[in-house]
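Chain IDs A, B, C, D and E follow the sequence of writing; residue 1 opens each chain.
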């Protein structure tokens, strides 16, 4: 069952990627103020996938604290790690883009920095998990951390609207002040969907791995206690 | 009952701090030195006015770290935390009590430093004090809550000192950032209306962090 | 024998530090955050180049404070200092051992931060590294000696409440100032010859402080 | 009036090391249990779990059928750990008053005074805990644990550093508790002092319960009897 | 080969409080002195002054006629205080090796291993001190104090938290010291354990010496005899 779903998701992901990739390549070179703008179809969906992941992890964390079921914890951990990967992808693609558009890898633009801070925060989350060996303690503390982290994600999300700096303002239609040219926006959403599929696959694999690790852990402990 | 417990904890912290004045002395001295060092470091900068808010809050943040670090460390000394946790006081009362004490100490340090700052950098504060104190109250509460939360979060860990700084600083940045921008503009005489968004950020942060922490601190303190 | 004792102490400190990475992590994280915060605080400043040396050394000073504070605090944990003092190792060996360990840690922190600094602030260091490391070595030793002495002083309970923090920071200022000026000019490409006087200040300070401390540390450590 | 305690299937791992292995036993209301075992057997670990200061890796501890962590239950428990858990910078009296008001005692100040007299610290009530000698600190800690007249007492090596007088006082206090039907669990290596008082003995050996039952007369006469009989040497 | 100790007219004030008042006594080479007294009598204060860890307000302490603070003298003294004075972040073995090389022992590593076996920590030689139980920590501290085979041992409540086996080991170690003519001064409240070993008794009462002399047979039979006879209540 689980496997079938995963394969299905993979298929959807591959399909969208092929079809959407072709669309994107065909798009006219019409946005001129920033070079190599097509990277936006990777850059922005990656960010949004990451945000989706963090929010999902928030929900899972709250569920864990409410129910005490370790499965929610494993889920939150998996999703956060995958989201972190996408956030990193956003950052790196942004840096590459920055190199083309602005000629530098990095600038102390508040927008970029808030994303960096967000990344650091969730790296902290991962470190925290590694530092604690007791499963329930790990689950409780990292759930708390995840909730705190989401406050900052909200901040990162909003900061793009507050700052008027080097980094472009919102472009997506559903946000205030957003809206791209006709036909430019839809492929973005498709890519987002594709990435969400990929993220789900990765997260469930990671979760699986986490469950195995817990199992191995308890087996080893059982062995030691005799 | 709840309020009395909060007050008991806060009073205890303040009393032991007043007895040694350890953290207080250290952090006032620290912030003085930062202010002095800054003036050396940046004497080449012409547009110093544009830096003042940043400078002030950096000094506050670092000086504050000294107070906040002491806060839960004080409970570790004779494993006092064990006694607190096994008392019927709910963890949120313990947390709020300590946060209140820290807040009072931080504000004291900040007010002293503010005076020195105004003299050293020749800043006229009259007429701006109202808004400035609003910003200070809000941002300081934010710093306090975050600092206290994370020292509580890590107090049970064997890797405590390792984790604390890595976890805490990213969270502090938004609060500090807002406070810096607001302060710089206040000093420069920019009307607050243009910066209302930052004020709102501060308030939102304070409320969000306080609420989440008070709700979930049990989870954290009882290991 | 004396050298072996120094080495034993230094090795012990480094080993326990490596095991927890407490101070190291904290201070690397701290210096990152300072670099980030600075960029917020000072993003209005146009002539950032003129500030870079100051910025770098402030970050070092604050990050270093974390390492140095831990240094003698580590001896307080199980009253380990008692065991050290009642061992035949002379106080100056204990002091030098701890200073060496601190120096190594500080240099490690500084090198890591320097790399990050160069990337974040877009500073080209090639060709200047030789002189820069000379400045770093000299100034870091100065900071280490002063900081270690300070931490030895504060370890004696009865002395702690005195105005020590207030007294000690002024001592740091000359070292930091020289280092800041030298570094700023190095980055800006000013030939070292114009700044020889500052280099001499650094060397003189290092020698004077080390000599005085090694001579009189018994007084401080044995209460 | 008095609390029962039930430890069921408790495991505690530190990393892979099993400090407690399937520990189960019951403490009847009103009994005084001596928790014995060699250095490193797991007594402290077990007591901390019973006090709700640490979570078992598996298994559960129930106080009168409820979680030890509930505020209502906590009010009725008194805990004394290895460390004294009083504040160095506060005076003896301030320490006790402070804990008294955390427990919601209305006459915290007066009770603190009475308790200080009891443990022989009346004359130094305003001395800072930092300036106390080791035994005086332990006395203060005992005062803290007994202050709110708990119905269940968990004591970890309470006799440490006490002089003959203080030991006598503590024994009297414990006897009173026993006579009023309160429950006490205490770990100790000072067997003579503990055996007189205890009604039950639980003997831990490398994280497992090796003996759990009433105190037998052999134990009073020959304190090493227990170790010889149930210990694996 | 063995050291004599002379305490002459020592006063120690903490603020206005006289913790020690005109304390004078001599410890002959090769004697084992039990330093007794109630909580707060001044035993720890005196031991710390004898070890050179704290300065007397008046008076002096001489070890074989020399200052205790001289490096040559310090090498021959072993000190065990209230706290264990070992590093939490180092393993048992690393701790002992480190102190061994501070004392200039050439075979520090081997001696450390032998000592760990002796105090029963051989199996956990690579465990961090932080993870040890209270008694295991005390054992490690004892190992540290004995490691360099000191000629004068100053021990403050060495029996604390030790189980029966460890107490037996420590007693054997002390007996060996005595038989080899080494000098030992130890404070303790565990009179039974200490009395067997000691050749002399010094009894401190509120900062003053109330009894100083050979151990008498009454003391062995009835441990409270001393307190009753020389104590003021």
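Note that in this section a residue touches a chain if its C-beta (ideal position, glycine included) is under 8 Å from a C-beta of that chain, and two chains touch if they have at least 3 such contacts.
Being a predicted model, the structure only gives us computed values, none of them experimental.
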Fewest hops from chain C to chain D - one hop per pair of touching chains:
2
Check A-C against C-E and say which one is joined by more contacting C-beta pairs.
C-E
With centres defined from CA atoms, tell me which chain sits nearest the overall protein centre.
B
For copies chain B and chain C, work out whether under half or over half of the interface numbers are shared, and give different or same accordingly.
same
Whole-angstrom distance, CA centroid of chain B to CA centroid of chain D, is 38
For chain A and chain D, what's the span in angstrom between their mean Cα positions?
50
Interface hub residues of chain B, defined as touching at least two other chains:
20, 159, 162, 166, 169-170, 173, 177, 223
Listing for chain D: what residues touch at least two other chains?
55, 82
Mind pulling the residue numbers of chain A that touch at least two other chains?
110, 113, 117, 137
Every touching chain pair, please?
A-B, A-C, A-D, B-C, B-D, C-E, D-E
Where on chain B is chain A touching in the complex?
149, 153, 156-157, 159, 162-163, 166-167, 169-171, 173-174, 177, 197-198, 201, 205, 208-209, 212-213, 216, 219-220, 223
Help me check something: in the complex, which residues belonging to chain B touch chain C?
20-22, 25-26, 29-30, 32-34, 36-38, 40-42, 44-47, 50-51, 53-55, 57-58, 61-62, 159, 161-162, 164-166, 169-170, 172-173, 176-177, 180, 184
Chain C contact footprint on chain E (complex, rising order)
51-55, 69, 71-72, 74-75, 77, 79, 81-90, 94, 98-99, 101-104, 128, 144
Interface with chain D, chain A side, in the complex: residues 133-134, 136-137, 220-221, 224-225
Residue ranges of chain E touching chain D (in the complex, touch as defined):
14, 37-41, 44, 82, 120, 131-136, 139, 157, 160-166, 189-191, 223-224, 227
